[in-house]
Amino acid sequence: MSTTQSTRLDEFQAYRARMNDRISQIDHLGIKRFFNLDTNAYHDAALPGKTKELLGLVASMVLRCNDCIDYHVLQCVDAGWSDAELYEAFNVALVVGGSIVIPHLRHAVETLDLYRLNHLKELAVE
Amino acid sequence: MSTTQSTRLDEFQAYRARMNDRISQIDHLGIKRFFNLDTNAYHDAALPGKTKELLGLVASMVLRCNDCIDYHVLQCVDAGWSDAELYEAFNVALVVGGSIVIPHLRHAVETLDLYRLNHLKELAVE
Amino acid sequence: MSTTQSTRLDEFQAYRARMNDRISQIDHLGIKRFFNLDTNAYHDAALPGKTKELLGLVASMVLRCNDCIDYHVLQCVDAGWSDAELYEAFNVALVVGGSIVIPHLRHAVETLDLYRLNHLKELAVE
Amino acid sequence: MSTTQSTRLDEFQAYRARMNDRISQIDHLGIKRFFNLDTNAYHDAALPGKTKELLGLVASMVLRCNDCIDYHVLQCVDAGWSDAELYEAFNVALVVGGSIVIPHLRHAVETLDLYRLNHLKELAVE
Amino acid sequence: MSTTQSTRLDEFQAYRARMNDRISQIDHLGIKRFFNLDTNAYHDAALPGKTKELLGLVASMVLRCNDCIDYHVLQCVDAGWSDAELYEAFNVALVVGGSIVIPHLRHAVETLDLYRLNHLKELAVE
Amino acid sequence: MSTTQSTRLDEFQAYRARMNDRISQIDHLGIKRFFNLDTNAYHDAALPGKTKELLGLVASMVLRCNDCIDYHVLQCVDAGWSDAELYEAFNVALVVGGSIVIPHLRHAVETLDLYRLNHLKELAVE
């Protein structure tokens, strides 16, 4: 895969960070509380955060939101899920959501590959 | 909770079994294969079936399908998830899907209570 | 199937007719025009009405609306589609929309059976 | 309209209150905070609560959730919106969401009629 | 914000105008009537057009359509809604639709900023 | 229309082919079977494949998935549907799905134009 493709993830992360800053600057109490609630939902509790990240990923896939898929794929990799485990989660999303999920499956697989590649590049640089 | 309420689950399970039989009798190859695929998606593999049942439950909640919620709540209880763990999954679904999920959260909580109650009654009878 | 079940369709049709009358009585120009547009969309044109009823049915199934499914199953039967053809359309909806469509597949199959049964009863009476 | 129909709203309100109590009793911090956030979103602020109830109603209609529609129709009537104004909001929801919204338009109109009727009955009793 | 970003809105408006012309040229009676119905739904009536634009914006956000969000944000600004009022509408959409709406909240906030910036630039040129 | 625009379809087809290869290489039994099921759903059976492609197109439009729309528009053209017939299917999708479908109607019309243009260019070259 080319360097150009690899930056799709970087661009998403930069845009996400920039706009989250902008939204935080708006300082709307309800919106701020929602963002906190969203963050807290994935913290360790009766269910470990790792499991809840996987729940968030499948929810994002069946609701067909590529930005949410990108975010949760990265979180799931960081939480320690293997490719084989993530493919299993992709399959559940595909069966529940149907062929309309296929374009988002392509996106999820590409994001996973790009993120693993980024890690390999970082290791090579070190 | 009254005995009348308790039968909502029984009625759902009877209707589901009866119509699945009817659909199986139609003998459409594509539909039959889809049902197999659906069943297999929740078998133990790189992810345990127990984890995948929880994924199916959250997917059902954010897609707001009460029948699917009933089915997966029962599967999740049978797979050994505790109430505290299921509430955590409900919370992820609520945050991802928003207040439009609340009526389905009510439904999920009621189904969970009814199913636990059924088990208690069975124990009392034995 | 029992007589009690058979009246689910009758009740839906009576409710639909009663509320459509009530909505028509409200006399909101935009709403009235929308209802006209909706009716006209299924008239013979470059595509025959019969084909468009099948499109409406599949759209209703992937959008998971039981009332819309009931309406279009009846229209499709009246337009002359056979059970085998309708099962094919159900299968497309199932594959596109995924397992979340299954409860609506059950509903569609039951509605089709009830409507065919109603016709048989009418023939028996004549 | 019969007394029997009139109780559909009463039953919904009783069920909603009972299950909200049950959910509150579960005492899950995330879920409780979400319910607070949801309530606060409709309080007077830069936009009056009355306007935001109408926004909640249209959101509920295009997302096709009858329980949410019932809740927001009641809130909108209590906030002082007239029938003519609510029909206008229904029309926006219908145009944005399409004919798949029609069954929910029927439900919304019926709920509005039932709630107005309840008020008339209360006045007659006084 | 850079000039490059500012043209995202210009490109959307140019594409929208060009394709609406192309669709109008197709001259399909049903499609033309739908476009008229859509336009008329936001005209002053029992509810002022300004209020209905806000309803259209929230409907677009919970249905998660960026093009529709762009269109309605522009209409809402032109109708005279302030940023503070629009943030309130964004918050209702976020609470109703959940975290899956967040990417569209980012988009809506960016569009609002870009459109306000365009107005400032035009004033500076005059 | 410019050559640059014409390549949007080429890029989609290349990306789709590349990622489908990558997904096939993952070799997940469930995912592979789903892809087979999806392909088979559009083969000639009690309904001709041509009719089912049109069903798939309308389902893709009301579910608002541009990649799925692109795929099915191409399949529908290859299956022999005329522009006039496809406009009729677009109209059904628009009426069922509402104005939220309009951005996808623009996309579908542009894809259809681009694909017809590609065919004309190929004829001119021969």
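So that you can tell them apart, the chains are marked A, B, C, D, E and F in the order they are listed, and the count of residues begins at 1 in each.
What we mean here is this: a contact is a pair of C-beta atoms (placed from the backbone, for glycine too) under 8 Å apart; a residue touches a chain by one contact, two chains touch by 3 or more.
Predicted model only: the values in this text are computed from it and were never measured.
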* Listed by label, which chains are in contact with chain C and with chain F? -> A, B, D, E
* **Chain at maximum distance from chain B, centres defined as averaged CA atoms** => E
* Structure fact -> Rounded to the nearest Å, the gap separating the Cα centres of chain D and chain E is 26
* Structure fact -> Averaging C-alpha coordinates per chain, one finds the centres of chain A and chain D separated by a number of Å equal to 34
* Asked: For chain B and chain E, what's the span in angstrom between their mean Cα positions?
  -> 39
* Structure fact -> Within chain A, the set of residues that touch 2 or more other chains is 30, 34, 37-38, 41, 59-60, 62-63, 87-88, 91, 94-97, 99-100
* Which residues, counting only chain E, touch chain B once they are in their complex? -> 62, 94-101
* Structure fact -> Note: in the complex, chain F contacts chain C through residues 37-38, 41-42, 45-47, 51-52, 54-56, 58-60, 62-63, 82, 84-85, 87-89, 91-93, 95-97
* Asked: Which positions of chain F touch chain B when the two form their complex?
  -> 30, 33-34, 37, 40-41
* To do: Can you check the complex and tell me which residues of chain C touch chain B?
  => 64, 87-88, 90-91, 94-95, 99-100, 102-103, 105-106, 109-110, 113
* Structure fact -> Per the touch rule above, chain E residues touching chain F in the complex are 15-16, 19-20, 22-23, 26, 28, 30-31, 34-35, 38, 59-60, 63, 65, 67-68
